[in-house]
Structure formats: structure tokens, C-alpha cells
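Which chain is which? They are A, B, C and D, in the order written, and residues in each are numbered from 1.
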Amino acid sequence: MGMVGGGRGAFIGAVHRMAANLDGKIELVAGAFSSDPKKSKLSGKDFFLDPSRVYGSYQEMAKKESELPVGERIDFVSIVVQNHLHHAVAKHFLEAGFNVICDKPLAYDLKEARDLRRIVKKSGKVFALTHNYTGYPMVKEARDFARKGKLGRILKVVTEYPQGYAVGDIENKNDGKIASWRTDPKIAGISNCIGDIGTHADNLGAYITGLEIEEMCAELTAFIPGRTLDDDGNILIRYKGGAKGLLYASQISNGDENNLNIRIYGTKASLEWHQEDPNELIIKYHDKPRQILRRGNGYVCNAAETNTRTPFGHPEGFIEAFANVYLAAAKSIAAEVAGKKLPKNPDFPTVEDGIRGMAFIATAVKSSNSKSKWTKMLK
Amino acid sequence: MGMVGGGRGAFIGAVHRMAANLDGKIELVAGAFSSDPKKSKLSGKDFFLDPSRVYGSYQEMAKKESELPVGERIDFVSIVVQNHLHHAVAKHFLEAGFNVICDKPLAYDLKEARDLRRIVKKSGKVFALTHNYTGYPMVKEARDFARKGKLGRILKVVTEYPQGYAVGDIENKNDGKIASWRTDPKIAGISNCIGDIGTHADNLGAYITGLEIEEMCAELTAFIPGRTLDDDGNILIRYKGGAKGLLYASQISNGDENNLNIRIYGTKASLEWHQEDPNELIIKYHDKPRQILRRGNGYVCNAAETNTRTPFGHPEGFIEAFANVYLAAAKSIAAEVAGKKLPKNPDFPTVEDGIRGMAFIATAVKSSNSKSKWTKMLK
Amino acid sequence: MGMVGGGRGAFIGAVHRMAANLDGKIELVAGAFSSDPKKSKLSGKDFFLDPSRVYGSYQEMAKKESELPVGERIDFVSIVVQNHLHHAVAKHFLEAGFNVICDKPLAYDLKEARDLRRIVKKSGKVFALTHNYTGYPMVKEARDFARKGKLGRILKVVTEYPQGYAVGDIENKNDGKIASWRTDPKIAGISNCIGDIGTHADNLGAYITGLEIEEMCAELTAFIPGRTLDDDGNILIRYKGGAKGLLYASQISNGDENNLNIRIYGTKASLEWHQEDPNELIIKYHDKPRQILRRGNGYVCNAAETNTRTPFGHPEGFIEAFANVYLAAAKSIAAEVAGKKLPKNPDFPTVEDGIRGMAFIATAVKSSNSKSKWTKMLK
Amino acid sequence: MGMVGGGRGAFIGAVHRMAANLDGKIELVAGAFSSDPKKSKLSGKDFFLDPSRVYGSYQEMAKKESELPVGERIDFVSIVVQNHLHHAVAKHFLEAGFNVICDKPLAYDLKEARDLRRIVKKSGKVFALTHNYTGYPMVKEARDFARKGKLGRILKVVTEYPQGYAVGDIENKNDGKIASWRTDPKIAGISNCIGDIGTHADNLGAYITGLEIEEMCAELTAFIPGRTLDDDGNILIRYKGGAKGLLYASQISNGDENNLNIRIYGTKASLEWHQEDPNELIIKYHDKPRQILRRGNGYVCNAAETNTRTPFGHPEGFIEAFANVYLAAAKSIAAEVAGKKLPKNPDFPTVEDGIRGMAFIATAVKSSNSKSKWTKMLK
């Protein structure tokens, strides 16, 4: 694979590389790691790459790699640049004939996102979006449980995603540590917190339940003085079919780390999953003992089993889940490169998930800007 | 003490009696346990009462007890009847010169509640409302922590109170087990779930933080077919001063028991308390290890210490917390009966908490009935 | 009931009174609360007793109460004096015709314990020992689970009971806070830690499993300088029938509170119960999801259900469990007093449990004193 | 690197490869994956290796790789064969001039282990043993905490390592799923359970505390009918300096997964770490709130920080910890290969840890075989 962005010191680029490395099936061989060619070269050295395949720009990379013979050139590009560049870079590589794995959110805004969908479809290439939380085996178990009807009819979905890393000593120094570009509307888009982590929360619920949002009432807040974009958001949701939802995301929740949790209540049972304790899935009944389903056991569904690397009790974490998205995408990519038929219903997030995410952001911001009126979900 | 309501088989009456018994300082000596005189007599026998002080009606009880000499008659009455009778019974005893401990909610509606406040004030008697969750020692520690400014400025309050007992097999038989009167608007008032448990959640947050609600957006739902009153409610809150809130209560959350939880986020720290694990208080910081404060240790505040009966590690529960409300009220009542000056700032919920609770219900229902529009808090 | 010992400031006396009070079925009416008659009187006043029934000595109390007509005199005496007096006081009241509830350990040593068994049998009276941890509903559920064979054949029992309250700053000031008499061999007997809490741990395992100890290898330690009695003990156990055990108790386990836990492993399933989280019982299988059984649910056994006071999710604790021992004993006592047939297999610890406890202590000390050699269980 | 053993289907070989892959700094380039040359070739294909470097035997591999020029040949070999071959393979490669990373236990018996130490010393090569649990960041934090004296003087160490995977339906079919060679004394050595996981438990405690064992009393059991080697062991330990210990390991603990836990009690504080929840370290005090230290926070020690890959709240697991052993060893190996000075006090387990482990096994078996007498630690 090749990589655009993600040079020295970039968090998410490093995660993408570890996820790709883990199973020894994907090799990083080329990259344009920075818009500064010197930095890109240094990063390439860090990753033990052949200097001739470390490029000064993504345009150069697309061009040069296309010129290599099939089998030698990269099979896909991993895009880990800032939000406002996702569309341009993805478009460039798709049109140059490369498959793409792209960090979320899909694009700068909903309009760009829709355009990217058009380009993906036209290209016939594989496009994967790293909504990595769906890569956890016990999230796949939750999905299986829900989709098989074991929850009964779903009545309520409660999703919470509090982080505290940006609270800093906001009273005094305003030095919350959000990557500065994330709070810059020119780069991040119309939302910070909901765009960055609220979309993960929404995607997680959608992945498990399949429910579609009818309308929402969102209140976004910028608690940190000087911020123009939200660092906290609370949202009431009405799903199609009558279920109700409640979703919140926050970056000012002091002392919370990456506390993504979901609880789904149905007429027969409910389930609960906690990202910080990802190897367990809790099932609750009103008339039976609670059940704790644990990764790696023989009783889990096929998707949970095949996305597992270590035996039960040997905890898996964030990187392993991320790697599951890579593996699933790589399977489709390998088929595409080999000119074979793509797998049906592949288990990785696609451009459609990206569209939903961008619509979620756009609707939440629209609602919040209209004094938190109930607002129909955009598309 | 005397008791009105709470005969054989009534859950909350039994809890009130155990709470009163626990410390050997309050003795049940009289009662009108049922509107059916025969049932009242039988209940009195269960409780080993002198038959001459087991009455056929609360009116008879108030009359006869008033006629007994001071020192022999009851010092206060405990009212555990259905919501729609709270006002009448409380009024009757207050005007007959008795102190009152009353189950929540305060009254049938906000209007009655306001009238009761007038009567309480006029009577000069002690009036306690059993918002029992404030009786937990570690809730008192949370309050102390927040009120001393250790959280910094409060930014966000998340309160959740899911129960699942009423979900039953709602698809088929509609036999959710809510006490039938709770879903009867003539008895329960305008709300079931928010009235019964939502008010506890609201009261808990108010007790700890002291924040006042500016306005709210509430969506109440009756998921169980045939219900006219809500069995679930999700509420966004704006507090005076800029803090935001999110509160939900539910009786259809499959497999949840009495899962009242609160998380309060401030600029310096945040706290977390779980009713089902009440002996702990969790404090979180963005730059320091989490702290687990545990009941019975030397480092807790005075209020937490004095409301504790057993050493650390010997868990206390629901009844002990309930008994703390009784003990605190009994201290004021003893002073009142002895003609002494009442304690200042006594630590039990009063008629003012009751008013707030009824206003909370009224505002939530008003918002929900107007398609969940943002609605100013009533008073 | 009457009480011997347990005056002002005594921890365990207060617990016994709360346990007796809780259900409104037992009334404290007489006592000899201290060997100092003045202190006894003051304590009697605290408890609102008729001064004529507050006695200066237990001998006086037994005598005067015997002279009262049946129905007016106490039905039983609760003995909460120091270990070395248990035998004398119990003997005195049993021989005076009273039923007895006695704090554990049963006596000062095994010899006294055996003698007390003889006296109990001869008297025909009810004798209950407050091994209170068996009063928890979910311990009763565990017993039911094990006794019904749901664990299969039991292979291993791991019981741990670490407390840290006596660790103090032992390096410097030697002020660990163990009640001083507990470490005085003249009062406490031959063991402190194993005698005080090790016996609880042993009793808990025996109550659930019914296993008998064949032999043990015990290492007791007095970590606190200047101590003659143990403040820590680790024991390997061989049960009759081939199961193995591991039991430890400690008072120098820094920061542990009352951390009694038991895990029982069988060929079909295993179970786990934690005293500090007593409303849950965890069942584990090698090929099925874990189950969390929770107090108050419809699926628990009859003994767990009838020993429950509040609905699920309304936590019960230490006092409620203690009160269950009182209630069960009181049922037998009421039958005895009424001259009726005693209940068969009553569910409270008896003098036999006391004998086992004293034998456990004696064997552990014998093993430890012989350089921790394997030692046959005494009887 | 090259690998000996660990072909298709081998659990631990796959873990070693993932650990090596994760950071993109170690590349698998050669191997003798099976004693069956055909199987070795197939495995090499699975791992995308150059067929010319997939060997039919480890002897061939050592020979051919030695003949490659420095820089092209492997820098080290990873040995993941069965216990009884560790010594021979390691000896072969060390004497051929290669560095070694070897799975534990170090050798078939203590004698071989001592011989291997001699060979390692003579060779001057790097030798790392994969006691992987010491690779967890919060274990390193625990070590730092203990070694800095923050626990005070250590009084007691409790280590437990129950697994249940081998319990099967032992009553009937005797099909517990232990890899069959593990229970074969010719391959595994004198112990199964203590050798396989008991050594991990011992190593973990030694890593954190630095305590040396003076003597032990061990009782090993083979619960599964037909077994000659232990599947369960309970051990009392006396450490030099007066601390006491209690260690148990089990493979018949129904429903436990990989439940390695350690609690260390000191005069100032105690700590607790749970392998199945590895991102947390619990610190307990007798007079201060408990502290939860969590991986990835700024307050952790340098070793915990540098062994961390993802931000707090993004859980790391088993593979990441394993990879930390590889990374630390690789640093020393890179220095050795480059002819540079080796890092002082490198943070990975060495042949000395292996000797300790083999001595631990030998002493435990000796004690158990002598009817569980107290036995001095062998060396």
C-alpha cells in the first residue's frame, strides 16, 4: 500500500500503519507523507521505504505509481490527511485507477461527500472508510445479535462518547489540546466534536441496529472560550419506525478518555458494549440472568470469530479492531486487483457510511443553529 | 410515628417502616393503613400495634391522635398513599398540628403542590419528602465535593434512570407490571415515568449541584400499547449559567433494574455515582489518576460520615439511605415537638424540593405535548 | 430480646441491634450492656429502655428476667461480649432457660466450644451463632446452586478475606487499629486474624459447598511488631473427597476493606461471589456465556427470595444480611417459646458451625506452630 | 528475523509474528516452520517469504543463513518450538553467531537451562525470553511504583492464574483441550500447568517486586483422569526478607479465561493489576482514596509511556505487550549486529529469568512430590 499524509508525529497515520502491518499481509511501500517534501522523505526513512517511492506530493505519487507495472505498483492508497483534503486526494487516486482506504469523516462537507460517492461508483474501485469501532469482534457479535432479532423490536438506542482531553484548564489558559486544525472551520468543516467523534457514535449504532434516523434535535456547544466549532453535543433522535435515541459526544468531559458506549434496548432483550472494555458484550433480560459474552469463545457468531486473533482472555484492543477494517478492505482490494469478483456484502465501512456520517453532521449543525429545533435528517 | 397507607403488600410502605425501625429511635404506634377499615386492622396486627390506634380512616386517625395527650400521641405521620391523595392527607394532618413525612411526588399536580407549600408554611410544622437517593452517604460526599468547588465550574450533568420492569412481553400480552394506578392519570397525575423516577433523577442532580433549570426539551413516549401516560422520557436541559444537561428515565429498558446514575463534569474534575454501587464515588481528572472514594473512610466529609452505620467494606444499601432521610427529619421533628429551635439547613428534602419536582414534571409534559419544543421551566 | 454487652461505642452490638430492629418483629427490652453498671444504665437510656430492665451484670439480668412471667420476660438473649466470656454468659442464660443468639467465634477455645455444645443440647434451647455472611440472599443462591449439583463435582475452593485496617503505619508507630482485646491472647484466644475473620471465610465455604476439611497447611504471621497473635494467615486445604482449597485472611492488606470473596470451581461450572458487591452472583462456564444472577429477580431460589426485602436494583447490604440471621433464629425461638415444634433445617448458623469454626482455628494454629506442617482437621 | 517452529495453525508462532510485525521495524525473512519440510514450505508461502529462505530443518537454516553476507542474513532467530527442543535449537543458533528470541519456558529442565546460560554467556549474543506479561505498560508502571518504594516494605504477594480451558467434560470424556504435547512429560518436562502458566505468574511478581523466593510449599494436582502432569497448583511462598506469598495456577478453573492477577501489599500502599483489564493499575491506601492509574496518561512513568502505542482510552492488549518484548530485544539486537555497545539494563526477560523459571518449576515439583513439604528454592 501507499500512504498520503501520516508523517512523523501524526497519531492516526501511525495507527493506520500498525493496523496494516499487524497481520503481515499488507506492506507499506510508497508514500507522500507530508506536503513538505523534506518531511515526507524523512518519514519514508523512518518506515524503511525505498527512497524512490517516497514522494513530495500526492499528485506525484499517483502519477509515478501508475507508471509502475501492475504487481509492482501499490494496490491501494491509505489517505490520512486533514478533512478538507479527503475529497481531492481520494478523487485523484480513484481516477488514477487506485483503490482507496480513507480516514473519516468522508469529506469536508455533505456536498463533497456526495460528489465522492459519484466518483467512487464511476471508478468501480474499492473505497473503504475507517470507522474502526465496527472492527471490534464483540461489536460484530452485537450486530449479529440485533439483526437476528434476539433483541426483539428495538425501542431505544443510547450512545455516549465523552472524552475529556480538550478540557485543559479552560478557565485560565485556553490550552485544551485538540489538534488545532480540528477546530479550524476551514480545515475541519462545520463541526469539530460531532464531526470527529459524534460520527463514530452514530456509525456504531447504525452498524449494529440498521436503524435510520428520521429527525433529530441537536444542541452543540463550544465550551472552550474562543472556539468557533463545537466541543460538545447532545442529540435527541427519532428513528424511522418509532424507536427513540439519545446520542452525545463531548471533548470537555473531564477525565473521560475514549469512553464510547452503546446501549440498545429491545422488546426481548437489551445489549451494552463499552469501547474501553471491548472484549465483552453484555446482554440483559427482564426475566433471566444477565449474560456476558466474551470474545474468543466458541459461542460467538462467525463474524466475531473470524475477526479474532488471540484466544479468550488474551485481550485485544484498538489496533486489532482497526486492523480488521484493513483486512476486510484488503480482501476486496485483492479481488479487484486480481480482476476477480468482489466479495458480496463485505464487512467494512464504505462511501455510503461516509455519506450518512456527513449527513449526520450537517443535520446536527442545522438543528443546533436553529435554536435546536427538530430537523429532518438530510441525505 | 403514625402511618397513612402502606398496608399489607404495599412496597413503599414496608420500606418506610424499615427505614423508621432501623435505628431504634422511631416507633410505629398508630396507623390508617388502608381505606378499607378491615384491611387496616389486619395490617395493624401485622405490625404488633395496639388495636385502639389502628384507624379506619386518616380523618379518624388525625382526630383521635390529636385528642391524646402530648407525649402519647404520634409526633408525626408518614404518608404513603397514592399520589392524588398526598395533598389532602398532608393538609389534614398539618392542620391538625402534626409533622409530616410524605412520599414523593409531592402532590397530584403543580397547583396542589403550591397550595401544600402555603399550608406547610402556615402550619410551622416540619414537612419532609422522601427523595431517598439523597440519603446515600456518597451522594452527600458528591454534594460536598461539588459545593466546595472541587469540580470547578460545572459544564455538564448527565443523569440516567433506566428500569426495565415494565417491558414485560409488551408485543403480546401488554402485561408490564407497573402498579396499575401509576399509569392511571386520575391517580398518578400527568406523568408516570417522569413523575415516578424522572423526578428522583432531577432531584439527585439538584441536590449535588444546586443548579437551576432554565429550559428543557423533553420527549416522553408511551411504548407500551394502551398506555396513556409515558413509560420513557429523554430530556435536554439548559441550566441557568450555561451548563448543559441530559436526563433520561425509562421503565422499558429491558433488564435494567434501578439503574440510576449521575455524571457531573466540571472544569477541574468530574464525578460519577451509581445507585446500584452506592458505596463508591468516582472522581476523574484530565491530568491525575482517578480516585475512588469509598463510604466509611476517614477522608469523607462530615455529612457522609454521620450518615454511615457500618465500617467501610460492609456495604450499606437502599434502606440505610432511606433511613437517613427519616433520621434527619426526625431530628427536626423532635425539636419541633419539644418546642425547641429547629436545626438550620436540615439535610432532608422539603416541600421546596417537592415544588421543584412537580414543576419539573409539568414542564417536561408541556414540552413533550408541544412536539418537544424547548420550554421554560415552570415554577 | 435482651442483650449482654454492646454498650455505647461498641461496633458489633450496634449491628446486632439494627439487625434486630429492621423488620419490626424483635424488640430490645432488657440488657446488661457493660460490666460497669453505670455504663450499662447510660446505654439503656440511649436505647429508650425501661430502667428497671437495664441490669448491672448478666447474672442479675438472667435472674430478674427469669422471675418475670412468660410473655413479659425476654424470649432470648443476644450475646455480644468479648470472646473469652461467650461460654460463661451463654451457659448462664441457657441454664436459666433462655434461647441465645451469640456473636462468633463460639468460645475462647475448642474445649469450651465442645462444652457449650453439650450445654445447648442438654438445654433444648435455640442457639444461633451470627456467621452473618451466610445471611446474604445471593450466598443462599450460591448454596442452592452448588447443592443442586449445578457446579458438578467441586474441584477447588478459593476464599480470600483481606482487610487492611490494621496496617496503620506499622513501620513507625505500631498503631494499627485492631480493637486491642482482639490481639490479647487472654481475651481473644489463640488467634486474632484467623479467629476473627478466617472463620467467616471458612464458614462461608462450608455453608455453600458442604465440604469437610481433611487436613491443612497453615502459615500464620504477625506482621505488626509487638503482636503475639497473627494478623495474617495463608492456608492450603485438602477436603475430603479430593477437592483442594486455598484460604487466606489478612488484616494488613493495605487499602482492602472487608474484601471477602469466594470462588468455587466445579466440573460443570464455577461461581464467584464478592461480599463488597453482594447483590450479584457470577456463574462461569467453559462453553457458555457467563451469567450474572442478581438479587430480587424471579429466577432466584426460594431461600434467596424469602431473605430479600427490596426489589432488584435497590441494593441490600450488610445489615440486611445480618438481619436475616436474626429473623431465621427468631422464627425458631418463637416456636420454642410457644412450645411448638421447631422448624426443621432452620437456616441460621448453630453451635455446630461454632464447633467447626473453633476446630478450624485450632488446626490452623497447630499447623502454623509446627512450621506449617500438614495437619489433620481437629474435631 | 527468522523463525523456527510456528507453522500453520500454531498459536504461539502466530502471536510472535504479529508482535514482530506490529511496528514495521522487524521483518520475517526466513524460517524452518516445521520438522516436516513440506509443511515448512507451505507455511513460508503463507507468510509471503522467498522460497529459498524457507528451510527444511533448523540446522539447514542456521547453516545457509550464516553463509549469507551480513546485512542480508537474519539478525536473530525466533524460537517457538516445543519445550524439549528449546535448548538444542537455541544452542545451535547461538553457536552459529545469531541472536535469539525464545519462547518460555527456557528449556526442558533446570540442568539444560543452566547449560544454556553458559552458552549464552560464552556467545556474547543477545538472548531474550518471551515472558510477555512484563511487556504491558501498566506492569511497568507497577514495577516503577514498587521499586521507587511507594508501596513501602512489601509484606505479601498474591498471584493467581486460573484458566478453565482444560476442564472440558472431564467427568465423561477426558477431552480437555490442552495441546497434547503439554501433558507429555517427554516433551513438556516435569510440569504442565506450573511450567506453562505458573512460571508466568512467578515471573510477573519477580519483575514487579524483585523479591527472591526462600522456600515454598507446593501442592500440584492432576484433576483430569489419565493425566500424569499437573493441571492445577497451589503454592505458599516465603520470600527472603520476610514477605509471604501465595501463588496459584490452574487449567481446570471452569469459565476462567486467562485470568492472571496480581496483588502486592506493602506497608504504605498496595497495588492490583488484572491481565484481562490490562490498561489499569489500582493503588490502594488505608487512609486515602483508591487511585486508578490508566495507560497513556501523562502521569505514568517513562517505561510505561515509551511502551505505549495508542492514546488513553484506546485499549491496548496482549499483542501490543508481546510486541514490547520484541521491540526491546530488537534494540539490543540491532546494537549487537551493528557492533555497538549494548543498552544497559535492557527491559526484556533474559536467560536469567529463564533460569529462575526453571528453578521455580523444579522446586514446586520437588515440594509437591514430597507430600508438599516446605522446600528451599533451587538455583
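Just so we're on the same page, a residue touches a chain if its C-beta (ideal position, glycine included) is under 8 Å from a C-beta of that chain, and two chains touch if they have at least 3 such contacts.
Because the structure is a prediction, the values reported are computed rather than measured.
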Which of B-C and B-D has more C-beta contact pairs: B-C
Shared interface numbering between subunit C and subunit A [over half = same, under half = different]: same
Remotest chain, subunit D as reference, centres from CA atoms: B
Same-interface partner of A-B, chosen from the options A-D, A-C or C-D, over half of the pairs matching: C-D
For subunit B paired with subunit C, centre-to-centre distance based on mean C-alpha positions, whole Å: 35
Whole-Å separation of chain centres (CA-atom averages), subunit B against subunit D: 55
Residues of subunit A engaged with two or more neighbouring chains: 165, 256, 283, 290, 294
Residue ranges of subunit B in contact with subunit A within the complex: 151-153, 155-156, 158, 160, 162, 164-165, 167-171, 217, 219, 221, 223, 232, 234, 236, 238, 244, 246, 248, 250, 252-256, 263, 265-270, 283-286, 290, 371-372, 374
Residue numbers on subunit A that touch subunit D, as the complex places them: 11, 14-15, 17-18, 21-25, 28, 47-48, 163, 165, 256-259, 275-279, 294, 296, 309-320
List of subunit B residues in touch with subunit D within their complex: 283, 287-294, 297-299
